[in-house]
């Protein structure tokens, strides 16, 4: 496969550039005869879309999904589900000045070198706009997972140096995530994060952040050793999101400093564990405890500020972002993280079912 | 695929349990007509093998690889390369007490629940012994990559709280990695790490660690957007190693706290960059700068110390490790990290070649 | 994968039902920077489309392809190529009588049983309309192959009992294929075939046929033993076309009756062979001689005539085709055979390139 | 994948040359906790092995399979099953004269050109010896399928021009297949075939043949449209067997001559059909009727007789087979056809299970 497909049994293949006619995808392997609520899918897209609040980029894209196949009389048919999201607010001219220049730390340079021919408008295929297609597939997967008792909840746990403490993380009320623009379920920290993002934007700059995700109700046994471990595929899926630079599950990087006798999760008699340093995965297989993982996002590369750079010939140029860009990726990336988690988990659920002869 | 295969064009499929007759694998897609130095492969296995020093587990396994096919008159034939590593020091009795019990934070519980039938001896399929097969394939890939100018160097950068500082990381002499038992190229920190591992083992406990990896000489253009990004596949590969709980590339989790204007890597006129916060990857594609990534390993779950646990019926039991176990996984995991990196990079190199019509 | 994707490196994933909004697909892995002639693609679609002549079904579908991504300034970008073909002449009512009944030897029964929920209109996903998407991908692949000197030519070699003789097959002028409605390059036999199809249609019946295909200019070395042999993948691709029931390469079923000493293709000094009983493939790998293979198509199951059948409850019913159907599939299947051949060959070409390190 | 793997969920990857240390493979995705009878597997190998009767090649290979993993206490563990078959009777010298020459219609030429480096001994990787590994995996799959009520029975239906008539095919007693050396369940035709094979061998020549296969008890719903149709994957699997040149299902090439009104299989009230021209597959999905398909095998290319040929430099040479070869491939290919059928069907069974959420 050339890289546009994720999944083995439940698969998503996406297409589309930021400034073409439309983006979209094909979802294959979704079980037949399952009732589909298209409003819920649109709702997830609205959580990701630009222009949804004053905190995010002011591009106005309606991001309306059109389903072309695979759904009949409100239910899935088992056939592939094709869908489109038309590109409506394509100000291609905003990008003319970038035609021959490379933005620092952006995919401009690597796409040019790899493919020799690049749609420079809006980042082309490397634009985060592609993730809207992932949200569609994820929202579909989520509906089936909810039906199976699986609940996926992502939230912003860090923006710049503003970070939820261990104690705050333990006492979160995740129903508050959508109560603020930054999607952090701790209202006070959320306020600090928002203020900081506004401040950063005013400077023409950008800032990084982290998204944490909890998945409750996951059945025991998902994950396929030795290479397709549950957390390995989750890691791949998260790292495939634009601007992601790190992934950890359970204790992650902080577990490195612990003794085994402190880190090991002692069993309760019902097979659950007293702690969850494992983050819900042991030996690459879900153990029934909630999945807990975290993804790190770097600051967005496109700045409004001027930056030194080079053009295709290696001449020194100055670039600045004339488009309308986010100052921090994480508020809009929350539904993307949930979508990718849903895609990976449904795929493993189907793989697990396959073995039950 | 059921999880025992990695790669799309250069693939490794492994089989084998800790205490069966042998472990081994099949390497497919290795280009034909390439001279193979089997001693170099055995050398990498020796870096991973138990009993290689007083720092690691004292199990005595010779880990000698036997090639069964795909190599003729010293060169690859283009046909699949089958290989075996016999299991020689299988003290199955060391594990009899674990037959019906689950070690905390080990794969015992999840394998039992997933498969309903488990080879409990030495962890069975979940044993890190399986990684010896990865080292064979990685060592083969490395030979081809070296020929292409790619150099992969992993090293221990953290054990417990003992950690190389930013400044130390910048001034490392990687030729020193093999000069000490812990495989940290900073001799003084290496000594501290070794002492700490010995001390931990004396307590019957275990400790976590980090391995950093640098890959120089990598061609521009490796990685297949949007899902099979170079760092996404590297992340999956690293997270598939036993005990791995986190992965980051470039600035990773620390980049979260940076402004875009500080984080962006400014170009030199030749297309290289002044800094390397990107870790050699932009938009999921290598940009020609060295890959820099880091993997977090939790403390090994099997302790010599007693631990409370449960058996298959949910009764409370006490388990202790009677086998011979490592107190810290990272010294022996260095060649495994290098092997997985080599496998991923060679696979992407072949995928890149495919496009050059 | 759930069955909607073909190829390993050059891949096509299709979606769409006969009577939804549109059908379409995503082509991934097409090399970048290659100039694309969209008129040539439309030309191939026109060869497949209904209503093109009085010989075929009189449904009037314009079958106009719209490209949504992956092509920029007339050249491929290396990113996935998404495309749509809107469904315009969807007389869903023609199928209302089939909602609860199963046409004999049609996919009605198996789709109902497999998926439990079926879009009965026009055969839904099982309709040959899906093959239009294959023609798009095939026409794209063909452009690249022509550039490499590969020429793919399919033609009708049999309709019912009217069949080209061995002698006629050897002396064909393949430039005549498009000179008649049935796409048989032997004008006299073509006339007989056309007459026979008209006669069959008048009876409300259908008839089978064979398509032969020759591929000249194919490089030596395509095909990946042992499972992905060139003729095995060609066979799979051909058998995946609606109504296909048989495939043979080279001497095929008639070679069974030959002695080895007669069947073996004796070499010329330049490595070509005096005969081509092998059909261009030895050991699963192309040998540089033209590929020669043949696909058998059964008579179309949907008849205008009445047929006895059953409904979902197993009650006896009488069904008749009220839609507008072909009486013989082969004239319109010629471009489909060529398309599938082009897809398979380009995929193998890329796989071969991957090995050239 | 580089061609050595078949299957999506139930997979077999093979390795090994005719004259290396061993051949073997890895079976992945076999459900856990299933009791395995290794004697039945050895029994299938014995049906394929050389030297089993005076009709076949007199090479004496014991073909004893050794299982290395994945089976514990007599049951599958769900982990990959690694196995070996040592090469015992490797008379490499028999092949020295072929080192620089190409046998006509053999894989010698294409392997040399594709890989540039070839193990010429006994055909190397292109030898039919590789199929022994397929028989191991197939025999394993068959045990599970038998447990599910699926019965796979292949038999020789043609040798040269000696062929079972339609009438004979309809009245076969398949329990007689193993009652004669040629594996044709019609004793009189079997005798004719045997005599003809002996006669052909005496001339130093070879002859082709056909194997028919019937699969009873197959559940409705196997097969994944549109590309992975049941008969398309069966076709690929059969065509991947050495010397196979054609495949047909149900009416196949003869159905081409039929009218739809004669060809359509009329339903009984229980959903079964009065005839089975479809061969058990409609729309690429099993309909519950027996699968019926046929595979054509060309005469073996290696002759004892002298043949004109060329060497690597294009010089004229004369080659003759000094090894011990079969005069007709079909008697020993019967268990291979059954094995490949079992592999394909079990893979689809698992894929079908995956969808039952």
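Letters are used for the chains, namely A, B, C and D, taken in the order the chains are written, and counting of residues starts over at 1 for each.
Everything below uses one rule, namely that a residue touches a chain if its C-beta (ideal position, glycine included) is under 8 Å from a C-beta of that chain, and two chains touch if they have at least 3 such contacts.
Only a predicted model underlies this, so the values are computations on that prediction, with no experimental measurement involved.
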Chain pair with more C-beta contacts, C-D versus B-C: C-D
Chain separated most widely from chain B, comparing mean CA positions: C
Centroid spacing, where centroids are CA-atom means, of chain C and chain D in whole angstrom: 26
For chain A paired with chain C, centre-to-centre distance based on mean C-alpha positions, whole Å: 39
Gap in Å, rounded to a whole number, between the CA centres of chain C and chain B: 46
Residues of chain B touching at least two other chains: 1-5, 8-9, 14, 29, 32, 78-79, 114, 125, 225, 351
Of chain B, residues touching chain C in the complex: 8-9, 29, 31-32, 34, 78-79, 144, 148, 225, 349-351, 353-357
In the complex, chain C residues that touch chain D: 1-6, 8, 14, 102, 104-107, 109-111, 113-114, 125-126, 130, 158, 160-161, 200, 203, 205-210, 220-221, 223-229, 231-233, 235-237, 239-240, 245-253, 255-261, 263-271, 273, 277-279, 282-288, 296-303, 305, 307-310, 314-316, 351-352
Complex contacts: residues of chain A adjacent to chain C: 1-5, 8-11, 13-17, 20-26, 28-29, 32-33, 66, 68-70, 72-73, 75-82, 84, 114-119, 124-125
